[in-house]
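Can you read through this structure? Questions will come right after.
Chains here go by letter, A, B, C, D, E and F, matching the order in which they are written, and residues are numbered from 1 within each.
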């Protein structure tokens, strides 16, 4: 796995572990709900991850985008599908989304090479 | 059609016509792109409308939500699917989304009665 | 109770009931967490409601502001304390917060008259 | 003056007076700075009001937009200039800005008729 | 002091000095108000810093979070109190806040070790 | 040209080329509109770039800010004009804009030295 992806995941895991080691029940429950939301239901897990990705893009959260990109890759979102998600995000969210699109495409390309 | 839906659509149409009557080419082109984005492609029109809906919810734009709810209804998004889109929006966007969810559910229920 | 406050609470309750009547487990759990968050802990319920209020103000959600204003009133936040919360919100969030401050002060004054 | 404009200004003035009647020094100083910012300097008052308008549009604050529209009208911003400000806002901020553009154009047209 | 904290403070101080060396009166006055806001008043300085912290978290500004974390530490906010502030921020602002929570917790832990 | 500016432009160009190499027509058209928006019209290119800059500042997008700063420099925006744009952004957007102002001033100073 590339260093870009590995470093992201290592830091994310380390800090999530630290956060969950605290006694805060509300945060633990939010983490728990988060893990349960993106599962097959009326909508497929793949569709839900695409919803999570487009939400992260319009809200312009690079780390959230990276996380959902990995899930989308695992669930076999294609290149053309990814760019159509990006198209909705850029249209709805405006050109302010483009710097985040650049990082998203860079990460997406790295994921494909793994 | 209920008054809530009709009033929304009438005002929207009237003001869009007014905006497009101006000489501004950039705004016209954005409207034109907007019309072309939510069509079948690598992703289905239905999936794209769901992406538009969840984006509108996390960005907390009531009128955008209403527009995409109508499109989702036309494209046969079910009740359970709608609530799963709302679930992703509320989780990602936080409880700050809930007042917009209340209005969204009200509008959705009116659409079903038509 | 004034009509402004009563109407707000009636609509809020009606739509929350409708939302909770759906089968969506994630949304139910988010509502449940929401109810448990603003309780006495390391921080008092009053401090937590003030945190909820300032968050709602900088995120510019009128309905969220109204909800937390009622809770702040119940928990005996004073006029001067309310304006200091508003002061932090307006400083951090900018003059874009002021239209929401106007509505907040109107609602706050109505609450005091009840 | 049309009722739309008059009602907006009356409510705005009433609540601003109420806010300034409080003892909060920070909020008073923010109001004071606000009054001094949009004056001729290295940039003209007209340019600064256009900056205030486009900021209000991308941040999607209807009341802030209405306020700056009035100032822009007083400072003789033309129709074509207004639509070019709107064009930058819609491009940068995305289609999520359009519902606010509709209200802005409605208010702008009312201002021209006065 | 750890390098993470020191680098943050050095850059912040250097650029603030540069900004204040300009002739811009409005920006100087905003800096001045900022310094005066977080002082004991109807609310304690500690409570105000907690309000500043939660606002910075829901608005997802890493540098603002770091600044208020240092102030919270100086004013003896405890670990459990910090996590309850984070709990309100994550609930209100959604999972989009979590990447900023990870960085906040990392910085908080470094502050405790100093 | 300084490394800070060069690295920014190289990465931006590389990723824009990559994005435009995809088959996505909507994204290509948004890029195309973007290139056409900031041209002389009813408003001068310089005024439009200042509108783009202030929008980027209140929306807190560092990369967008850097892009518009370069354009503003090319179009001979002066130091005092830049700080007045920053003044509107900081007033309207709040102190949450200040960390982005620090980076903007750093980049602006580097541009002047080139």
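The rule is short, and it goes like this: a residue touches a chain if its C-beta (ideal position, glycine included) is under 8 Å from a C-beta of that chain, and two chains touch if they have at least 3 such contacts.
It should be emphasised that the depicted structure is a prediction, and the values quoted were computed from it without experimental measurement.
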For subunit C and subunit E, chains touching each: A, B, D, F
Those chains that touch subunit D and also touch subunit A are B, C, E, F
Relative orientation of copies subunit B and subunit F, as a Cα rotation angle in degrees, nearest 5: 180
Which of B-C and C-F has more C-beta contact pairs: B-C
For subunit B and subunit D, what's the span in angstrom between their mean Cα positions? 27
CA centre of subunit B versus CA centre of subunit E: separation in Å? 37
Give me the residues of subunit F that touch two or more other chains. 26, 30, 33-34, 37, 55-56, 58-59, 64, 80, 83-84, 87, 90-93, 95-96
Once you draw an edge for every pair of touching chains, what topology comes out, line, ring, star, complete or other? complete
Please name which positions on subunit C make contact with subunit D in the complex. 60, 79-80, 83-84, 86-87, 90-91, 95-96, 98-99, 101-103, 105-106, 109
So, in the complex, the side of subunit D touching subunit F is made of residues 33-34, 37-38, 41-43, 47-48, 50-52, 54-56, 58-59, 64, 78, 80-81, 83-85, 87-89, 91-93
Residues of subunit B that touch subunit F when the two form their complex: 25-26, 29-30, 33, 36-37
Subunit A residues touching subunit D - in the complex, by the definition given at the top: 58, 90-97
Can you list the subunit E residues touching subunit F in their complex? 11-12, 15-16, 18-19, 22-24, 26-27, 30, 34, 55-56, 59, 61-64
